[in-house]
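Multiple structures are listed underneath, in structure tokens.
Two complexes are shown next, each including chain A; its partner changes from chain B in the first to chain C in the second.
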Partner chain A sequence: MTASPPRKEFHPPTRESFATRVVLVSVAVLYISLFLFTPLIAVFTEGFRNGVDAFLNAIVEKDALAAVKLTFIVAGIAVPLNSLFGLAAAWAIAKHDFKGKSLLITLIDLPFSVSPVISGLVYVLLFGAHGFLGPTLDALGIKIIFTTAGLVLATMFVTFPFVARELIPLMQEQGVSEEEAAISLGASGWQTFWNVTLPNVRWALLYGVLLCNARAMGEFGAVSVVSGHIRGLTNTMPLHVEILYNEYNFAAAFAVASLLALLALVTLVLKSALEWHYGEEIAASHRH
Partner chain B sequence: MPGFGLTFGFTVFYLSAIVLIPLAALLIRPWELGVAGVIDAVSAPRVVASLKLSFGAAAIASAINGVFGLIVAWVLVRYRFPGKRIVDALVDLPFALPTAVAGIALTTLYAPNGWIGSALAPFGIHVAFTPLGIVVALTFIGLPFVVRSVQPVLDDLDREYEEAAATLGATRGQAFRRVVFPTILPAWLTGIALAFARAVGEYGSVIFIAGNMPFISEITPLLIVIKLEQFDYAGAAAVGAAMLAISFAMLLAINTLQAWARARST
Partner chain C sequence: MALEIDRVTKRFGAFPAVQSVSLIVAPGEFLALLGPSGSGKTTLLRVVGGLDVPEEGQLRFDAQDMTLTPARERRVGFVFQNYALFRHMTVAQNIAFGLDVRPSSTRPPAREIKRRVQALLARMQLEDMGARYPSQLSGGQRQRVALARALAIEPRILLLDEPFGALDAKVRKGLRQWLRTLHDEMKLTTIMVTHDQEEALALADRVAIMNAGRIEQVGTARELRETPATPFVRDFLDDTPSHAQGSGI
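Now for the complex of A and B:
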């Protein structure tokens, strides 16, 4: 056996050494595992700690089911309304020119930079017992704070920009030429919207609705302020998790939390699928 | 284009009804205390301590995410490794996972008898129910922002510049410092600012792990909730308005950064 002469392998000049790459990948994977993967595993482990039966009992329990139902009702009202708003705002902003457009876009984004607690607080200040409109509404027999209406309003506030901010940049990029062609061929405004604009933005719309829904179902701070925490009546799933946890009923708290974590996982899978298949049609993918 | 009147009208109406009028209530309400009262409410020692904690912990958490988020973004754009797609998808978990769920999960992990807490306890490090726990929760919440801000810019970055740097004799480190980093700097700072803005107002994931001791581990959003439960509407509004003013200043800073980033990339 003769030792082959050492061969110097070509090393691309824009690539780091093997050791550097291994270290960087390890650091990244460790960081993600520690901060994201471990908490996720912990939710399911704790949820099933006392076995599958205990898990199922915690979920089919009366107040838990009421919380699930309320969560769906709140998201079922808030998400379609915000989607409608997103479409209208994107149509007005992307297809027309007017003064103050960038101010309007900034204002639409505003709820993202407001603390969730403040998002709930503002409605208490308006509609609460000591709020500006509280006494008037009280005289009319209308209650908003500590009712489903308050939960819906607070949820609408925190999820306000989701659909609009996915659609506005995409529709701005697409311009108006296709719509102008449709209108010059005799299509009405509605026909143009349904047959030309909507098909062009459908995946981005779905993407925005998906993120909007995840936040709507999972929102805690804002709804916590307006809810009043009335069991079986004004508790959404995240609030129910809090109550169970504060009662040291950890297994039940994590069982309900597992459902929410499952919702998060489904959201992530659908979101990734949309990004992989329709990345080009979702201009705003990877922008948050 | 037709439909401007209808869609613009609806947009402005909906925006006003859901966002602007309620926020106006927040700005009007504190003044029933009078100017001196508002200053007193905002400068009370307990409020100042909570503001220092909220902004301090958010600053530390966003700095941590600045460092590690950059590494994660780099690794996701430049390298191939097993499980990459899962890591990429998992980065958005804090956007999708309800904050209350994150809060109880992190508390369970970092409690003295938890998986991570029990490993740290022998070293005298206590995370849950201390300000350190707040930093952990805020790091979780802010994790996606830096990664998702830097990733597309890094993706667009042409390798030719780095090749040119290498042919001119630059080491890999020099090429990164002189060529890559200046290009991604605006996006990186934007990501850090977004993570910071989110962390300052965060409530759900923090209250479980914080311990919530006044002057020690009580964040500002929690203090607002406490004031509200005591029916101190004006006081709650004053603290809320102060937070909002700071957040708004930061929103302006972020927009300026993004404008700078756009100017750089064209």
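Now for the complex of A and C:
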């Protein structure tokens, strides 16, 4: 059965026949076009259906602008904080041994395994008017639910794993030998982190921040629960799209949606560029 | 510098990797630490370098207790088994690192640092390699960069963990003599870990034989061969690998 004498050309064991490959590749391309490109194109064509002027008007409209601004504010707070915490958590987990380490790893992954809507509901249960901490916060004059603070908290929770998960495998792979070398050469802990640890993960960090940002700006479920959908006040872009759509204002909905789609495209391009140039430095994890 | 290791024990959990080890290294001495894999050689070096803290015993540099002194204050030149070069820094930046991180009160001026790096590059026969990254070097070149980086801080003692481990036999022999010359010219005090007994016996003033966390015997090549203190030392020196026997003369 194997290795009969009149052999054909060398055939790598993992290589399928030509016909099989053509069929598989075609199916994949067709599938991707159908489920990824078509909706993307639809978003832009719908957005521009009533002409460029209508598109621009929908975007500079007061509530739409407020939504764009709020999205940037929320991401502008949540992403830097998560980058910082993610970096700290990854550093602690990958470079040190301590009790409760595996618990911390599980906790970091928690937001990925919980439905965002549930995350939002937990915040309402905690901070809402009838929540556990609600009366206390009320007495202190602090409002979280239906405010920007609530949106930031919900977004932070949902997007926390991105940076940490990107960094942990890479930092673990790199080990601590360079840090030990730095310390024995006289560097302080801070100098070691700044000159050795951080530069060794800079591109992976950027990669994680990029993914974190894309998710922070596009997050719907969790923010939807804590937002209260107050137009011009607590509506982020994804929420605004939903409101416009529910009001049958399709052109405006798709105009705002195309901004989000544009963001996704920019993210995709930057992400690919990073993978292309620094693939090895971020290679420890390509699971997203 | 005189190094005294006084009944030092280092455990990992309940397992004693180094067990009540005492050893004195005289100023200017070249001492080789020889022993089978897992005998505790790296652990002993790490204790001297301050990367591991011993549970028992004392460590003295020139009679001064250093047992609990942080690694960064010991001025120990450590060349790691895997070199541990800073991968995102050039060769010149690697070598300058120990000087660059000094507080401004004790840091030499930038020109002086540059001059010292150049001098070390020349000494290591790496003149044209200053702008390269570690990934663009051969194993032997990396090894010399790691050595230059450790020497740049003018260490009180030089610790070499299998410096030739990753190199082929021919390159090892060339570097060996070169290292001994370097040690003599720079008036260093050196401990070198090695698996290779021929290397240890040929290069070092004295050899310490380690086994299962203990030092079995310390002495010159001749003493060890002629009057082995324990059966382990005799057996260990007996079964010299054939290639080493052939080239040892």
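As a working rule, the second predicted complex is superposed on the first by the 269 of 288 C-alpha atoms of A that agree within 3 Å, B and C clash if a C-alpha of one lies under 4 Å from a C-alpha of the other, contacts with A are read in each partner's own complex, and residues count from 1 in each chain.
Here is the rule we go by: contacts are C-beta pairs under 8 Å (C-beta built on N, C-alpha and C of every residue); 3 or more make two chains touch, one makes a residue touch a chain.
What you see is a predicted model, and the numbers here were worked out from it, not measured in a lab.
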Q) In the superposed arrangement, which partner chain does A:A181 touch: chain B (first), chain C (second), both, or neither? A) second
Q: Identify the partner contact of A:F220: answer first if only chain B is touched, second if only chain C is, both if each is, neither if none is.
A: first
**Q.** Contact breadth on chain A, by residue count: chain C or chain B
**A.** B
Q | Touching partner for A:T106 - first (chain B), second (chain C), both, neither | A | first
Q) If you lay the two complexes on top of each other, which residues of chain A touch chain B in one and chain C in the other? A) 180, 183, 188
Q: Spell out the residues on chain C that touch chain A in their complex, using ranges where they run on.
A: 49-51, 70-78, 80, 82, 84-88, 97-98, 101-102, 149-150, 153
Q: Enumerate the contact residues on chain A facing chain C in the complex.
A: 177-178, 180-188, 191, 195-196, 199-200
**Q.** Residue ranges of chain A in contact with chain B within the complex
**A.** 13-14, 16-17, 20-21, 24-25, 27-29, 31-32, 34-40, 42-43, 46, 85, 88-89, 91-93, 95-96, 98, 104, 106-111, 113-118, 121-126, 128, 130-132, 153, 156-157, 160, 176, 179-180, 183, 188-189, 192-193, 211, 214-215, 217-221, 224-225, 237-239, 241-242, 245, 250, 253-254, 257, 260-261, 263-265, 267-269, 271-272, 286-288
(Q) Under the definition above, what is the set of chain B residues touching chain A in their complex? (A) 1-4, 6-8, 10-12, 14-15, 18-23, 25-26, 29, 68, 71-72, 74-76, 79, 81, 83, 85, 87-102, 104-106, 108-109, 115-116, 139-140, 143-145, 148-149, 151-152, 159, 162-163, 166-167, 172, 175, 194, 197, 200-204, 208, 220-222, 224-225, 228, 231, 233, 236-237, 240, 243-244, 247-248, 250-251, 255
